[in-house]
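To keep things simple, chains are lettered A, B and C as they appear, and every chain counts its residues starting from 1.
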Amino acid sequence: MSEEQITVAQTPDISLQYEGRVVKDTRVGYSGFIVGAEHLLEIVKSLRDELGFDYLSSVTGVDYLPEGKMEVVYHLYRSIGGPALVLKVQVPRDEAVVPSLYHLFKSSDWQEREAWDLLGIRFEGHPDLRRILTWEGFAGHPLRKDWKEPYFEEETKPFKSRWPEGITGRIEDKNPYNDNVQYPHGFDPETWVPQAEEALYTSAKKIGRDEELHTDTIVVNLGPQHPSTHGVFRMVAALDGEQVVFLKPVVGYLHRNHEKIGERNTYLQNMPFTDRLDYVSSMSNNFAYALAVEKLMGIKPPERAEYIRVMMAELTRWMNHIFSFGFLWNDLGSYFTPMIYALEERELVLDIFEAVSGSRMMCNYFRFGGVARDLPEGVLDKVKELVFERMPRRLDDIDKMLTTNEIVRNRCIGCGVLTAEQAINNGASGPNLRASGVPYDIRRADPYSIYDRLNFDVVVHYHGDVYDRYLTRLDEARQANRILQQVVRDIPEGPIMTGKPAYQVRVPAGEAYGRVEGPKGELGFYIVSNGKPNPWRYHVRAPSFINLTSLEDMCRGGKIADVVLNLGAVDIVLGEVDR
Amino acid sequence: MSDDSLLSSSYEIPPEMQGTVSITSLDKVYAWSRKNSMWPMMFGLACCAIEMIVLAASRFDIARFGMEVMRPSPRQSDFLIVSGTVTKKMVPQIVRLYNQMPEPKYVVAMGACASGGGPFKEGYSVVSGIDKFIPVDVYIPGCPPTPQALLNGLIALTKKVDKERIKTSEWYAKEPEAAVPVPVLGPDLMDPRKYALIYEQTHRPIEPETPVETEQKEG
Amino acid sequence: MTGKGFLRMLFGVFKRFVMTYVEDFRKGKKRYYTKEGIESRRKADVQGIFTIQYPEEKLPVPEEFRFLPFLVYDEGPNGEKDLRCTSCGICAKVCPPQCISIVRTNDPVTGKPIPQPKEFYIDVDICMNCGLCAEYCPFDAIKMDHDYEIASYSRQNNIYDIERLAKPVSYYASIRPTNNAAEELARQEKEALKAAAKKPAAAESAG
């Protein structure tokens, strides 16, 4: 609890400065300030320009159905570090209209679109307020609490139909369509005109048309099935010759309703679901979610558990960066060789994860107040072997093979440049931000767990191009290795859980935002609890999703061949982008 | 594993194929050569796709089964591994890809999601299994199946291919197989084969609410 | 010099290729198809590439490995199956995708529940292999299996029933020896404690 007070004390009390326009959020368990929708723009502008809150990390909505209110929550940070300033705007549910921050912070672009799509909050002034995760024409806003999906059983889990009178058979057999679908009453499928593609293509065609010379642009569609889009990602680009003049990513092809399911699950049940967000680095996802819930519960894991957690998180980071090189050079054209090398190293880390948690990818290892089980015998020796011998050697190998390679240098240097101002404004995080010269690392800027005790450097490079992003990741992998060496040296004996393991945790009412420096960037979980066994709101601030906001800036003006390279250097995982 | 009923075909054997002695002796060579050069499509959907990529890497190495040639184009591939959650937004593309694949073609549903919706089944934008739209040959449970479990599934697929005979194979039939109709994204996903049913359901008179309430009270 | 970096990369690849076979020449056939052979090839200090020759040899899975859940039964002296499950429903409650459904047995006469499941279904097309059911089962009755070779040509039978799920405790002990030993020990201690608690009470009542 005392920590909570310190963080509140560190954020300036802006309710005095903007008296009359801003009031403190006085609900129990909540923090931050409530702003009237009409004052939002001027206050955010003033916060950005005068108080230095120049990094808008997260924008999301909360549907307070009983109060009939819709709340938009903004998390603002200083790019020099420090705790968050939380702003909230409350609007009536039926008429949810909030001014858009698009022109102040471009990072709000996709997040506002998401809030519109899923919650039906209209952002006035947003230039392109289309649906993002579902498709244009979708009926309703699914995250609203009164919206029910086809397979709706009950508001919250556990469902009563499972025990003691268990259901038999599959749920789809009870739906008249035999599948997970429903249609509004009076709907006629024959007269339906699909609208999803139309808006996108017409806006692409308009750009770059030269009326005098009668030149036209060509619209090219990449994905969602494309070998270099890292999954089901799609881009629509308008080309002038070979140059990209317009590029719009289209996401949502892997939208798995993570948040809707998360609000129905109990707190513990969400843990295995977080594995499936960024499925390359599941341990980091576990970490962020555990932190958020622990913040709400006011507990801290014991010392050994903290060390194990950091060990797992850093192994994940190392593995993820190695993996991203493989993908990047695959996109560059060196077909599969670096990829296979990267996967070979990854397997060794996965062996450890499998021995510790039971599964290679979907670890489900963290629990609130600790970890699921202690390290089995022999695992620590394996980690030591890996950390002190294999990892440094392999990193040197990669460095030797790729960093000075002429093809790599020619393709990557100067490609996809993102300046520091752009990176901050676009809400880029992780290696993407640090490659642009902003030394912002949450492990240092807003330390969590035991990172304040560990020695490591915040890696920063200054050109903001693909090559620097690669170098940032390479150096960060080295730093991860350095942290791991300290962790395996110092790991203490002791318990691994605070309290008894329980499948139903009691979480007091309130809100919490837990964030970690994941391998891809700032991974945050915003959780609102109303004291019941299930979270009222469960939002994921996914780094890949927000990093993609910068993709257009990186690609515009470049060649079409570099688009794939830029995408590879952003390092996305679609499970996290679409959730 | 021995499910012979799946392999029988209702198609008639064309007259020019009937009674040719050489076919039966060629059968073995034919099946052997086909099962040892199955080319998968390079097509990943979700988490399972990572395990599929791992399968192509050195530790598990599907090159040992003649499957290492992952083709990004459906025109050159023999089978499709549906590796991950199938969302409603993605179904039209998957069906289109399936239609573009040349016969003979196979589909492997990898993981719980592709087989039957998986853990995300209850959500609003996930379909309950790809077999609602395209025919699936092999189902591999697991979330995600480990690379070895996937290999086990692929071996099951080669076994199935091994059992196929020229005489009974569907793709030498005279009639070309009809393409699977591509679903449309409406207020929800619409399968063209179900338009009549959708119309019928959406134009039913709304049932009065009171009896439902009493039912709930009784329950 | 231009091209030097490129050549360095090619050299690196070539070296990796050669190193893969050096050990093979040195140790010969011993490296393949045995457990020790697999262990020696998958170590962290191995140079070159390691490939598991599935299905002839299988990568040994660690004890904690989890795939699908199964129900443990104790074997009675006459070969009868005594399921440990008491149909308390904790696994069904904790299951994140809610793939477990249990029908509790009720006494036909009194209508009171009997600690024994009548039906127990797991839909493996929904199960996410998270292992929470096994972790929170208070009776050690549901455990995670190691068997991953369950690909099939149809998913009609993918809702596993009690017949398919039940496996003997000897099987459990064979796949998870350490866990089983620890659980047995805990159970014995518990029983000893119970007995110890009973004794003084009995002594008191006698006295």
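We adopt the following convention: a contact is a pair of C-beta atoms (placed from the backbone, for glycine too) under 8 Å apart; a residue touches a chain by one contact, two chains touch by 3 or more.
Since the model is a prediction, treat every value here as computed from it, not as a measurement.
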Checklist line | Starting at subunit A, fewest touch steps before arriving at subunit C | finding: 1
Next item on the list: Using mean Cα positions, find the chain sitting nearest the overall protein centre.
Entry: A
Note to self: When contacts are scored as defined above, which chain pair ends up with more C-beta pairs, B-C or A-B?
What the structure shows: A-B
Note to self: Please tell me the distance, in whole Å, between the geometric centres of subunit A and subunit B computed from their C-alpha atoms.
What the structure shows: 31
Next item on the list: Could you please state the distance in Å, as a whole number, between where the Cα atoms of subunit B are centred and where those of subunit C are centred?
Entry: 29
Next item on the list: Check each residue of subunit C and list the ones that touch at least two other chains.
Entry: 49-50, 96, 98, 123, 125, 128-129
Checklist line | Shared interface positions of subunit A, touching two or more other chains | finding: 170, 272-273, 276, 344, 362
Check: So which bits of subunit B are touching at least two other chains?
Finding: 58-59, 116-117, 119-122, 143, 146
Note to self: Looking at the complex, which residues from subunit A come into contact with subunit B?
What the structure shows: 133-135, 137-139, 142, 149-151, 153, 170-172, 176-190, 192, 194, 196, 224-227, 231-232, 252-257, 260-261, 264, 272-273, 276, 279-280, 336, 339-340, 343-344, 346-347, 360-362, 574-575, 578
Check: Mind pulling up the subunit C residues that touch subunit B in the complex?
Finding: 49-55, 58-59, 67-68, 96-99, 123-129, 148-155, 158
Item checked: Interfacial residue positions of subunit C with respect to subunit A in the complex -> 2-6, 8-9, 12-13, 16, 42-45, 49-50, 61-66, 87, 89-90, 92-96, 98, 100-104, 113, 119-121, 123, 125, 128-132, 135-136, 144, 159, 178
Checklist line | Complex contacts: residues of subunit B adjacent to subunit A | finding: 42-47, 49-51, 53-54, 56-59, 72, 84-85, 87-90, 93, 97, 116-117, 119-128, 132, 143-144, 146, 184-191, 194-195, 197-199, 201-203, 206
Next item on the list: Spell out the residues on subunit B that touch subunit C in their complex, using ranges where they run on.
Entry: 1, 3, 6, 58-61, 64, 109, 112, 115-122, 129, 131, 137-143, 145-146, 148-149, 151-153, 155-156, 160
